[in-house]
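One chain, chain A, appears in both complexes that follow, with chain B as partner in the first and chain C in the second.
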Partner chain A sequence: MAAKVKAVAAKGGLQFPLVDGFLWFVRIGLLIAIAWGAFFSLTSGRLSGQAWRNLIVFGIAQGAVYALVALGYTMVYGVLRFINFAHGEVFMSGAVIGFFVTDALSETALWENAQILGLLLALLVCMVVSMSIAVLLERIAYRPLRNSPRLIPLITSIGASFFLQYTFRGLFGADTKVYPSTSSLNGRVEFLGFQILNRQLLVIVAASVIMISLYLFVEKTKQGKAIRAVAEDQEIARLMGINVDRTISMVFALGGAMAGAAGLLYGLVFGSVNFFSGFLPGIKAFTSAVLGGIGNIAGAMLGGLTLGTVESLGPSLVLAGLNIPSANQLKDMIAFVALVLVLIFRPTGILGERLTEERT
Partner chain B sequence: MALAETSVQRARDVDLSRAPRIGAVFGIAVIFISAIGMVGTFATRSMIGSAFSLSRVLLALLAFTAGYVATQPPPQLEGYRVAEPSPRLVGVGSIAGAIAGAMLGLFAILVDSISIRDIFVEFTPELVGILTFEQGTGLGFLLLLLLGSALGAAGGAVRLMSARIRRALFAAIGWTLGLALLQILFTQIFNSLQLDFLTRLLYRGASGGLSVTSAPAVAVALFLIAYAGQGRVKKAVTGFRGLQGEAQRKATVAGMAVLLIILGALPHVLGNFLSSAMDIAGTFLLMALGLNIVIGFAGLLDLGYVAFFAVGAYTTSVLTSTSGPAFSPELTFWTALPFVMMAAALAGLLVGTPVLRMRGDYLAIVTLGFGEIARLITLSDWQASTLGGAQGIANVPPIPVGPWNLVEAQEFFYIIFGFVLLFAYITYALQASRMGRAWNAMREDQAVAEAMGVNIVAAKLWAFVLGAIMASLGGAMFAHRVGTVFPHSFNIIVSITVVVIVIVGGMGSVPGVIVGALVLVGLPELLREFEEFRFLLYGVVLIFMMLKRPEGFIPSRRRQREIHEDEVAQDAWLRAETERQREEEAAGSTGPERT
Partner chain C sequence: MSKARMVAGFAVLMLVLAACGGDDGGTTPTEGVQLIGADGLLSTTFVEIPETAGMFFSGPALAGSGYEEFLAKYEAKAGSGPIQSFHAHAYDATNILFDAIEKVAVENGDGSLTISRQGLRDALYETKDFQGLTGTLTCNQYGDCAQPAVSVYENVDPAESLGGVFSNVRFTSEPEGAEGKTGPAPGGQATNASVTVAAGDPIKIAALEAISGAVAALGDDQVTAIQVAIDDQGEIKGHPITLQSEDDTCGAEGGQAGAEKIVADKQIVGVIGTSCSGAQRAAMPIFERNGFVMVSGSNTAPDLTATNYLGEGDLVVGESWKYGFFRTAHNDEFQGQGAAQFVYENLGLRKAATIHDGDPYTQGLVTEFGKFFEALGGEIVLATSINKGDTDMRPVLTEIQAADPEAIYFPIFQPEGDFVVKQAREIFGS
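And then the complex of A and B:
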C-alpha cells in the first residue's frame, strides 16, 4: 500500500518538471526584480531616512488592523477549515457602526472632556455589533453546511459577503462616511527616532492589548482549551464533553469582536468608510493569515504586521526603483501579488506547518 | 418491525410550533425589505391597477408564503401514514401571517415615532405612509395585522386543495404577476406580433401594469389553461427522452430547427431595447459557458474569471481601436480574433500553471487575486501607454460581417448568439469526450483519477485555457458592443456574477447556465427597480441555493447524482423496506390500514 502511494507520488512529481521549472523561473525573477528595485531606490536617495521610518510606522499601524481581522480568518479556518469570505464585511460593519457611534458622541460633552472614554465606548459598541453579525452568520448560513463538501460553505460565504455589503448600503446609504475629528489624537510622539502619530499609536496599542488578551484567552482559559480541542478534532472533542456548536459560535464571536475593533481603528486612522470598505482589507487580512500560517494565532499577528509593512514600503522601495510611474497606485497590487506568491510558494505560511495535509 | 408499529400512530398534519417561528422569520423578512429601501423603491411601480404597487404585491406574497410555509406538513417517512390536511391549517397559517403583519406594523410605529433617519436613510415618513396605507400608524397597524392574517390563512388554505388545483393556482398567480412585472417585454412582443389589441386590453398606459379588470380575467384564464394543460410538458419531455435511434435524431433535428428559427426571429420581435438587454445577457452567457467548463466540469472554483474577460476586451481593443494609445494596428474584429484567442490561452496558462497543485478554497482565493491584479494593471499609469490607464480605450469599431457593420443591438444579437450556440455545442461535445471524462474523474477525486492514469496537468490546463478563450470572446464582444473599454468594467463583481450564474443555473448544465444568464443578468436589465438590489439578491440567492439546492435549478443529471448520492442510496433502501412490508401485510390480511 505504502509503495503504491509512493509510486503515485513519484509519478505526480515527474509530471511537473516543466511547471516546476516555470515556478523556479518566477521565483528567481522576482527575487532579482526586488533586489534590483530596492538597490536603485536606496541609492537614489529619493526618500530621506525619516520618510522611510514614517512609512514603516504607517505600515505597522495598518498591519495591526490587518492582524486583528486576520485573527478571525485564522481562527475560523483553524476550527472549520473553511475561508469565511464574509469576514471582511464583518469588519466593515464595525467600521460603519463606529462612524455612527463616534459621530453621535462627537456632539456630546464626553467627546470634549474625555475622548478616550468615548472611544472606548465606541470600541465596545463596534465589537458587540460585529460579534452579533458574525455569530448570526454562523448560525444561519454556515451551521447547516457543516458537513457538506468544502466549496459549498465558501460559496455561501461569498453570497453572505454580498448580502451584508448591500444590506449596509441599503440601510445606511451608499455615501462615504467621514469620521469626526479626534482632537486628542492629533499630536505625535518621538520614539527611537520614529515619529509616531498619536492615532497610529492608539491603533498599535489597542491592537496589541486586544491581541494579547485573545492569546491569553485561547491559551490559558478553559474555553480557550475547548477551542483548541475542537480545532484539533471535532469528533473527539465532542466525545470529551465539549459543546462543539457553542465552541464554534464562540470562535465566530471572538473573530467578529476583533474585526469590529479593527473596523473602528481603521476608521480612526483612515478617516472614511463606506459599504465597500470591507473587501480590500478583508482580502489583505486573509493574505496576512496565510502569510503567518493559517490556523495559527501568533502567525496571524506576525503576518498582519509583515503585510502592512511590505505594502507600505513596497511601492517606494521596489516599484519606484524599477522606474514604474505612480508606484503608489499599485499599492493594492503588492498585497495581491503577495497573496498569490504566498499561496503558490509557501501555502503553509511562516509559522504554520500543521495544516499541510488536511489542506490539500 | 419498529417501522410497522409506529406507522399506526396518528400522523400529525401540521407542526403547531412552526406558526410563531415562521411568522417571526417572515416578519423579519418584511421589516428587512422595508428597512433597506426595497419597499420604498418598488412603491413607484404599479402592478395591478393603481392600488397594487410592486411593494404591496411583494409584501402580500410574503405574508401568503408565511402561511404556506408555516403549514408545511412535518417530514414523513415513506411507510408512515400520510396525514390528511385538516381545516385547522387555515388557522395556523393565519397566525403566522398575523405575526408577520403585526411585526411590520410595530416597525411602522417605531419608524414613525423615533426619528433615526440620520442613521437609517430609508426610515422616511413616506415609508410609514406606504406601510400603513396612509391611514396613520394606529389604523395601519390594525390593517396590517388583519391583512397579514387573511393572507396567511389563504396560504394555509391552499394546502387543503388537491395538488392539481394548487399547482394550477400557483402557475396562474405566477404568470399574472409576471405579465404585470414584465409589461415592457410583453407589450413589445404583442406589438411585434401585430397583437396590439392585447396590449390595450391588458395594460393601463405604458408602464402602469395590468388594469383592475384585466388582472382577474387573466388570472382565471391562466388558471384554466394551467389546470387543463398540466402534465403535458412533462409528458412531451419524457416522450422525447424515450425516443430511440432514428426517431430521436429526427426529433433533435426538428428541435434545433425550431430553436434556430426562434433565435433568428427574436431580435425583430424584441425590438432594439430588449435586444440590447439580450446582448448584455449574451455576453455574460459566453463567460458563463466558459466558467461552466472550469467549475462545472473540472471542479475548479475560479473567482478571478474577469481577468480573462479583460484580456479579451483589451486585446481586441488595442488591436482594432482607431485611437489606441500607442500601438494601434487597426485590425478588424475577425483578423484580431486569433490574437485575442492566443492572448487568452496564454493568460489561461499563466494563471493555470502556478495553481496546478492547489485545490478548493485556496485556488478560489488565488484566482481572485489574479483577477484583481489584472484590473489594477489596466488601471495603472504603468501600462497606460498601451492600455490607456483610467481613461481606457475608446473608438473600438463595430464588427464587420461582409459588407455590413454590426452597430445596432438587434444585429449584434446574431453574432453573440452565434457564439453562444458554438460554445454550447463545444460544451456538449467536450462533455462526452475523453477530456470531459477526465474532468469528471478529476472533480470527483483527484488522487484516484491520477492513479487511474488521468493526466491531471493536462486536464487542469485545458480547463483553464478553454475557459479563458470563451471568456475572452465574451470580453471581445463586450468591447465591440460598447465601443470603449474602461478598467472599471472589470471588477470582482463581474466574476461573482458569472459564478452566480453557473451555480444557480446548475454546475455543468448548459440549459441551466443559459437560463441562469437570462434570468440573473437579462431580467435586471428590464427591471430597473431591481438594479439597486441586484447584488443583494445575488447574495441571497447564493446562500439559499447552497442551503437548499446546491446542484442548481436545472442541474446536470450527473452532478445531481453526485450531490445526493447518500440520500438516493437511503431512499432506495427505504423504498425496498416498505415494499417488503407491504407485501408481508398483503399476505397476512390483518395489517394496519394505510392511506
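And then the complex of A and C:
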C-alpha cells in the first residue's frame, strides 16, 4: 500500500490516490468501530458469559444450515458458471415435504418409540424429493439454455424460483406449517462450557457429516473427479470421455439433496415453514457462498459458518456496544455489509475462487 | 489480509467471547415470562401451536351478532374456516359500502345508475348505528367507524381453531370519553367525479388485500368475506355486483401498484382494503386524488384516521389521514392501551419488554403500549425489534433475557411470531 502511494508520488504527478486512501480510511474506521462496540458490549456486562456462548452456538447452528444450502450454489457455479437462484426453493421444498412426512409419521407408533429412526426416514424422503426437483429443474429449465449467453439462464432461474414458490403455495396453501413436536430433540448438552440444545447439536452434526461426505466424494471418488474435470473445462472433459450431461445432473442432484436435508433440519430447529421460507435463507446462503469464495466447496462451508456467527453475534457485540437501538433488526444489514466488505478487500472471497487449478 | 490472519483473528475473537464474562452457573432459565401477542397473531395456525398455551392476545372486540351464520356461509364458500381475525371486519366494511352506494345511487330513466363519488364519501361519513358483525358502526369525520373497544383473549389450552380463543375473553377495555369525542375538521377537497353504470352492467368494486407472501392468509380471509357479502347483498338497485381483486403485498410497493391499477378503471365505485397499514399509506393518496373511497377491514395504525382518543383535549387529525378512507377495524390506540391496562392491572406485572418488526402497524402498537404502560407506572425494560423474514430469534431473546422482564409484548405476524414463541420457551424455560 505504502509503496504504491510512494510510486505514484514519485511519478511527480499530483494524483493523490483518493480511492485507495478512502479504502484505508474505511478499513481503519471499521476496525475502530468494531473494537469500540465490542469493548463496550463486553465490559458493560449486559450479557453474561453464558449468554455469549449461547450466541456463538446459535450462530454455528444457523451457519450450518446456510453452509449446506451454499454448497449447492457453489457447486453449480463451479461447474456451470451460473448462479442457480431457484436453489432456495429447492431448500424450501425439502422443508415443506419434511413437514408432511413428519406430520404423517407423528401419528404412528414409530414416532413414539423410535423417533430418531422416523427422523432418518424423513431425512431420506426430503433428500430424494429435493434431489428430484433439482434434477428436473436442470433438465427442463437449464439444459436447453446451456449455450446461451450467461444472463439468460440467470433470468430463467429467477423465474423458476417464483414458479416453485407459487406451485407450492397453490398445492399446499399459504398458511404456516408447524412441525409436530419432537420430544427426542428436547434437552441440552454441556460441552466445554457451551450449552448446546439437542436440536442444534443435531443440525451441527448432521450438517458436518453431510459436508464431509460431499468433500470426500468430490475429492476421492471417480465421479467426484469427473465433477472437478467438468468444472475445470467442459470441452476437454467431454473429449476425455466424461459424460458431461450426466455429471452436471449429478451436481444438481447432490446440491438438491443437501438443500433438502438442510430444509428438514431447518424445520426441526425452527418448527415452522411456509412456501416463502426459502427466500431469505436462499439469499443468505448465496451470500455465504460468495463470502467463502464461490466455486470452492470448503469456502461454502466456511462462508456459511462465518455468516451465521456474524449474524448472531454482530448486533449484540458491535451494534449494542455502539448504543444503536434495536440492534437485532440490523442483523441482516450486518450480514450483507460483511459481504460487501469482503468483496472490497478480498474479492475472491475468504478462501479464494478456485475456478481453475494452477496450470503449470 | 491473508487468509490465515483472518481466520486466526476470528478464532481469537470467539475464544475471548467464550471465556469472558465469567461463569454464572449455567443457564437457569428465568421463571416463566408472560407472552402477549396482538391481532396479527390471532390466527388458527398460530393458536394451535402447543407452546402458545397460556398466551394472551389483544385484539378486536367482537360485539355484534350474526357471526355464526356468517361463519357457516364463509366455510361454504372457502371450503374451510377463516385463519386470521379480520374476516368479519371485511364483511362489515363491504356492507357499509353497499349501504352507502344504495343511498347515493340515482336511477336514470334508461336503466342506468349514476353514483356521485362525493356523494358516496358523504354518505359513508354519515354512517350511523349500522349493525354489523363486529358491533354497532358509526363513522366519525376521520374515518373511524368501529366501536372504540378492544378485548384481550387467552389461549387456554392450545385451541384447535380461532373460535376457541375468541370464546375466552379475559378483558374488554372501555376507554372513557373516547366514544363521541371530536376534534377539528380535517378538511379535504371535494370531487366532481361520478360513475355511470349502464343498464345491465354490474357495479364494480375492488379489493386491495394481501393475497401473496407470508401474510397471504390475512388477505385471502378478507377477500372470501367480501365475496360472501356480495352474495348476501345480491343486487343494488337492479344491478349485480362484481369484484376485482388486487394484491397489496402488505407493503408500499403493492399498495401503490394496486391503487394505480384500480384508479385506471373509472368504473370501479369503491375499494375494500388494504390489509396492511403500510400498503394503505402508499395507496390512499392515489385514491384520494381520484375521488375513490376505500374501506378497510384490517388497517389499524392510528395515524391513518385520528389520534389522541385517550389523551387530554380534542382529537388530533392523523398524520396520514386522507379524505375518503374509512375503517371498520379498531384504531390501534385502543389496542396498545387496552393491552397495557390488562398487563398492569389484571396481570399485575410491572416490567415489560416489547418487540416490533419494523412494520408501521407493529411499531405503532408497541409505542402506544409503552406510553400507556409507563403512564400507569410500569417499566419498559427493553424495546427491541426484529425483521420480517427472520427465523432465528434466539439472539434477540437472549438480549431480552438479560433485561429481565416479566412480560413480553410482541404484536408481530406469523411466521416470526411462531419462532419467538417456540424459542422463548427454550430460552426462558416453560
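Details
One rule holds in what follows: the second predicted complex is superposed on the first by the 321 of 360 C-alpha atoms of A that agree within 3 Å, B and C clash if a C-alpha of one lies under 4 Å from a C-alpha of the other, contacts with A are read in each partner's own complex, and residues count from 1 in each chain.
In the analysis below, a residue touches a chain if its C-beta (ideal position, glycine included) is under 8 Å from a C-beta of that chain, and two chains touch if they have at least 3 such contacts.
The shown structure was predicted, so the numbers you read here are calculated from the model rather than taken from an experiment.
Looking at the shared chain after the overlay, A:347 reaches chain B, while chain C stays out of its contact range. By the touch criterion defined above, A:332 lies against chain B and chain C together after alignment on the C-alpha atoms of chain A.
In the superposition on chain A, A:23 makes contact with chain B only, while chain C stays out of contact range. Once the two complexes are overlaid on the shared chain, A:216 sits clear of chain B and of chain C alike. Contacts of A:274 after superposition on the shared chain: chain C is touched, whereas chain B is not. On chain A, the patch touched by chain B and the patch touched by chain C overlap at residues 169, 279, 325-326, 329, 332.
For chain A in complex with chain B, the residues that touch the partner chain are 8, 11-12, 15-16, 19, 22-23, 26, 82-83, 100, 141, 144-145, 148, 150-156, 158-167, 169-173, 279, 283, 286, 324-326, 329-330, 332-333, 336-337, 339-340, 343-344, 347, 359-360. Against chain A, in their complex, chain B makes its touches with residues 32, 35-38, 119-122, 301, 303, 353-362, 364-366, 368-370, 372-373, 376-377, 379-382, 447, 450-451, 455-457, 492, 496, 499, 503, 532-533, 535-536, 538-543, 546-547, 550.
On the chain C side of its complex with chain A, the touching residues are 1, 3, 6-7, 10, 13-14, 16-24, 26-27, 44-46, 48-50, 83, 212-214, 216-217, 220, 357-358, 383-387, 389-392, 394-396, 398-399, 401-402, 414-415, 418-419, 422, 426. Residues 38, 42, 45-56, 58, 62, 169, 174-176, 178, 181, 190, 193-195, 197, 266, 270-274, 276-277, 279-281, 306, 309, 311-313, 315-317, 320, 325-329, 331-332, 345-346, 350-352 of chain A are the ones that touch chain C when the two sit in their complex.
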